[in-house]
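Just so it is clear, A, B, C, D and E label the chains in written order, and each chain counts residues from 1 on its own.
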């Protein structure tokens, strides 16, 4: 991410903050839900899109973050401390989940993360002292750097701020040795190993960093909803997150935000449209159907995600589509993807 | 019988593997397709057999015509049915299936007279009868080579194309593979294209020689015009 | 094309807040229209239909039309949280009717700080406290009270050993734990021989039912909703246990049970709080009248419950409007006034759906009776018992 | 420096390398040639730690390196290139070269994260990319380069780890002749500059002849010739495996 | 006796798991796609059967018709969704199958609503008691039908020409193309067969456990089955399905009570929650760590 992009990003974020007071609570709510989901999607994109480790337990990891943040917050700590603590705890759990990745590849690993998801769900219900079991952990509002921001607009400001920081951090990270190794491992684990990359250690770093971000996102979610309950972190949430990064674009930073916005807002939009037509059951069914069909359509027509669509549109607007056409790029990566499947 | 003209092939839309190849195979002839590693021999055979799209390759220009029918863009299954059999490199067969099933699978699209052809294949390759019910995976390299040639025969081809059949085989095995090729040619009048790096035995039976190098056709001559020195200069220079 | 679709969609999202402003009185309800508990969603339909009925039959409340919004919480915490925010700040609801125990519990502090009257469909004792949660109202005995009523009847019948089965969510586990830890079971002279937890979205409970069979208890009390009860009774039939061994709570009176299970549901008992759909009571006449020109989505006791909640909420709203001599301009004042009126409801006639109630306790009726499936339909087998 | 004795690699029942032995001394460029399927690449893989030989010993500077991971070998100075580098997508030329450098042990992670790496880029470009003609492409994603350039990038990547033993697997295969000779010349320069030993698997005899100090010929998994390039061309056994006499 | 009774229940359910897992393995073998929508096909099969009986068809005819419809639907989804995605990243394909699942659920929700539905009796109601073991006809029929179908399908796969072509495609795509097999058609056939198996499995499951949208969760249960079985092994899927069914029943009936009894006596912990939900997955992780290729899978060697 260049300096200019960073400036644009911060400007947009500031603009959102300026607009915030004008939005209703519901509007602010939508803003922070999207921002929080974006942080989570960014974390997952780092793992799947940049390091090639397919994971279906992201929902569970957000849960770990939520419980950790809740417990730290309830112990009277500042929200910042709670979020960082949640990040660290979740990073640790994420590394544990990542350990099988040192031995398992591709689909087998993906399915072991599915197992991790179910085991986490079970533990959330079981470890009463930490999670309050099925009742869920009620979370007291905590100050943020000593400020009382415990209302929907305050949360929106925090979430957007954190999202901007995460985006900048991840984009910087990808420009370091570690980030390059992530991408190398995604493209070819065998080549990476042959090049002398310590694949095991690099993968675990990916899990740790992704886990840290997921933990922060989950922690923020917990503070905003004032409860961390097991039902909120089930497999469906993991699936939603995978949908976000695929719809947005694997291995794309703006894609994480676009995808999160899409997956969070689409049902909401479909719901509103449905409501104008009447019957509630049908609305719910139509909302689901629109979601499912749109995902399928996007994947068929734009397997590289909405971000690629967007960037192509931007390029067309600028009329600077140089000799390096998009087609050329995608075909080479398609080759790799096809190979990855076989 | 087979007429390839001006054929260029690219992989991944960028990597040029063949440039403007002309290649002709007359009915009933044995054609040797020679060239060092990476010269484009396999690519040429795959282009003819329609296998390129499955390896991210494409025919960029030129055409391949078999018995007056354009092969460009045809599905491999259709090309096989029109009578071209390709024995690919790496001895591609179904290793988890029995030898018998391998042969049967090859005759699906060509069920007429399949029984007779099966008997024929088994007489050519007695070893296959011996291993008939065992998984192909247990065969040795030479036996596998027999099997894949046998499978190609089950297709009832008029044009048989072999891609480096001698690769990784012991000299004795190489000898017997070429013996088989010669017998097929003599007994059945089959047209054969053999792509190879090493030559001597092949030169004895070939009617025609093409030499490829780095994606270009560098020589087309009858075998007696090609001596070792000339080849050596083409290969080793 | 795709771009225009996206623009249209966002447009719809941004434009939507405006459509809530027109009506004077806004009521917001969220239920489980879809989701694992949808079978008992009659209560959110019933409440909505009552307000619609008021609009049709009486022109609204004191001449003011009521705008009701019915949302789908899908029995998902985040969805319900979202719905709550929409109800409070966008739909400007003067009364909210919301669903799950988990959601209401997580929202109880916010309900307090938003100062909005809230009718909970959850009967958890943890959201019932007139002092701590003065804005939250309930429509009957708590789950804990219901369990005790059920167990007491078993003790009366001479039973000794009981098993409690429950779902693995807040609604399932929490009341059971409260009851077990209270020691009330032993006080009744009963012995809790086992407590079995199962998944809320369960499809198959054969193993758990065999565990019950192995223990051979006198009563199995199930704290779950109708969908799970169907699984429990079906699997009991599979291994040869009679339905009469099982007892459920207020959410297990559904025509679906005898309809789908036939003979294997005979003898199943559950706790009844509200009149059956179609029983001979005044409220039913109104419902039938409403049903002439509208579809009634669910014809069960939960619909009756919703109708009754509608009666309670609308009466409080009516009293507040009467007192102020019209709908107050200030929503905060209106909400507070409705809350006060709700608490001060004098012996409310619910058209026979429940005995006459008052709401000083925030709980409404505290009476329940036991209903048994006989010949394919629920039949009351005892008198109203007061939970207190 | 490198001592391999009786190295055998089996896949299932197939013997890919059977009893291969070789010595490579410091500063020497050794050409490893042989027909397809002779086991050259497999042998390189065994030396660079990608495969673990079923039998035999390999030592590097008197240290037994059998079973060491490629990452460990990279740290102790064994670098390699690949036959095929086509499968990398989004990384730019500089990225790939930096990956190569980072495996050498001193990662610049935190500093890069905080300060960026512009000065670094310049140094790497000057030292490695200029001589290979890649300087102009340093910010291009790998997949947009010609095949020859990708090969060059792979060599630059291997060199960035400052190896003492460089294993080149068909460095000029598929590269246009003029580029091929430039690459080969560069390998020589590097050797002169760094003093590293080079083992080079290659089919193009002209390149091998002009670059290598010594030629080792493999056939059917073992060594059949070891000596000068001229001697190899006139050796009867070598002619047999190549031309099938 | 108690354990035997549990085993009976486990085998009946497990044989249905096997049926559904077979379909996933079939698709994975020949196209490398993991079909997360298999549970959706099962659910849809059951709903269509129900829908057909509710318009008055006899249940057996409805079942057969529904299976045929499912076959067509399987082929259709493959052609419409999977074929255009040949070159898409593997996660994108997985996600597309999840999209199919979401869509199917929405369709069922739209047509049949969110509530549990009493599934028509496919088999006579009643039970036999064999020396203390109580077996409903439903159980027996589900088991027999699944067993016969599994066996029949395996026989079809091993002894018929189409089965042979399927195996060829699964074994080596390049070789299959070279001998003239239309590989993409074979993949369509695999999806057809898989959807039919799932549809039948779904109907059987609905006859055992009733019908609701929750039926689609069976797809998630099937994953441990196929991974334990080794992803590519059809007999492995059958065996793993049975093992998992029995394991779940035993967990519910024996293991959980035993653990809870122990904990209640010796600790403050009263309940271990819904252990059966994690047992298959815990087992899965263990097996994968010991044998990364599954119990019946074969290890593929990788080359640079």
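Things to note:
Convention: contacts are C-beta pairs under 8 Å (C-beta built on N, C-alpha and C of every residue); 3 or more make two chains touch, one makes a residue touch a chain.
Everything numeric here is computed off the predicted structure, so don't read it as measured data.
With steps allowed only between chains in touch, the distance from subunit C over to subunit D comes to 2.
Per-pair counts of C-beta contacts peak for the chains A-E.
Subunit C and subunit E, compared by their mean Cα positions, are separated by 36 Å. Mean C-alpha positions place subunit A and subunit E at a centre distance of 30 Å.
For the pair subunit A and subunit B, the distance between C-alpha centroids works out to 51 Å. The geometric centre of subunit D is 49 Å away from that of subunit E, both derived from CA atoms.
Residue numbers of subunit D whose C-beta contacts span two or more other chains: 45, 50, 82, 86. Residue numbers of subunit E whose C-beta contacts span two or more other chains: 109, 113-114, 273-274, 277, 304.
Along subunit C, residues 33-34, 168 each make contact with two or more other chains. Interface residues of subunit E, counted against subunit B in their complex, comprise 161, 164-165, 167-168, 171-182.
Across the complex, subunit E meets subunit C through its residues 2, 5-6, 9-10, 13, 109, 113-118, 127, 129, 134, 136, 138-139, 205, 208-210, 212, 214-215, 217-218, 248-253, 256-257, 270-271, 273-274, 276-277.
The residues of subunit B lying in touch with subunit D in their complex are 12, 14-15, 36-38, 141, 164, 167-168, 170, 174, 197-201, 214, 228, 231-232, 235-237.
Every residue of subunit E that touches subunit A in the complex is listed here, in rising order: 32-34, 81, 84-96, 98-107, 109-110, 113-114, 220, 223-224, 227, 231, 272-275, 277-278, 281-282, 284-285, 288-289, 292-294, 302, 304. Of all residues in subunit D, those touching subunit A in their complex are 45, 48, 50, 69-71, 73-75, 79-80, 82, 85-91, 95-96, 98-103, 107-109, 112-114, 116-117, 141, 143-144, 157-158, 161.
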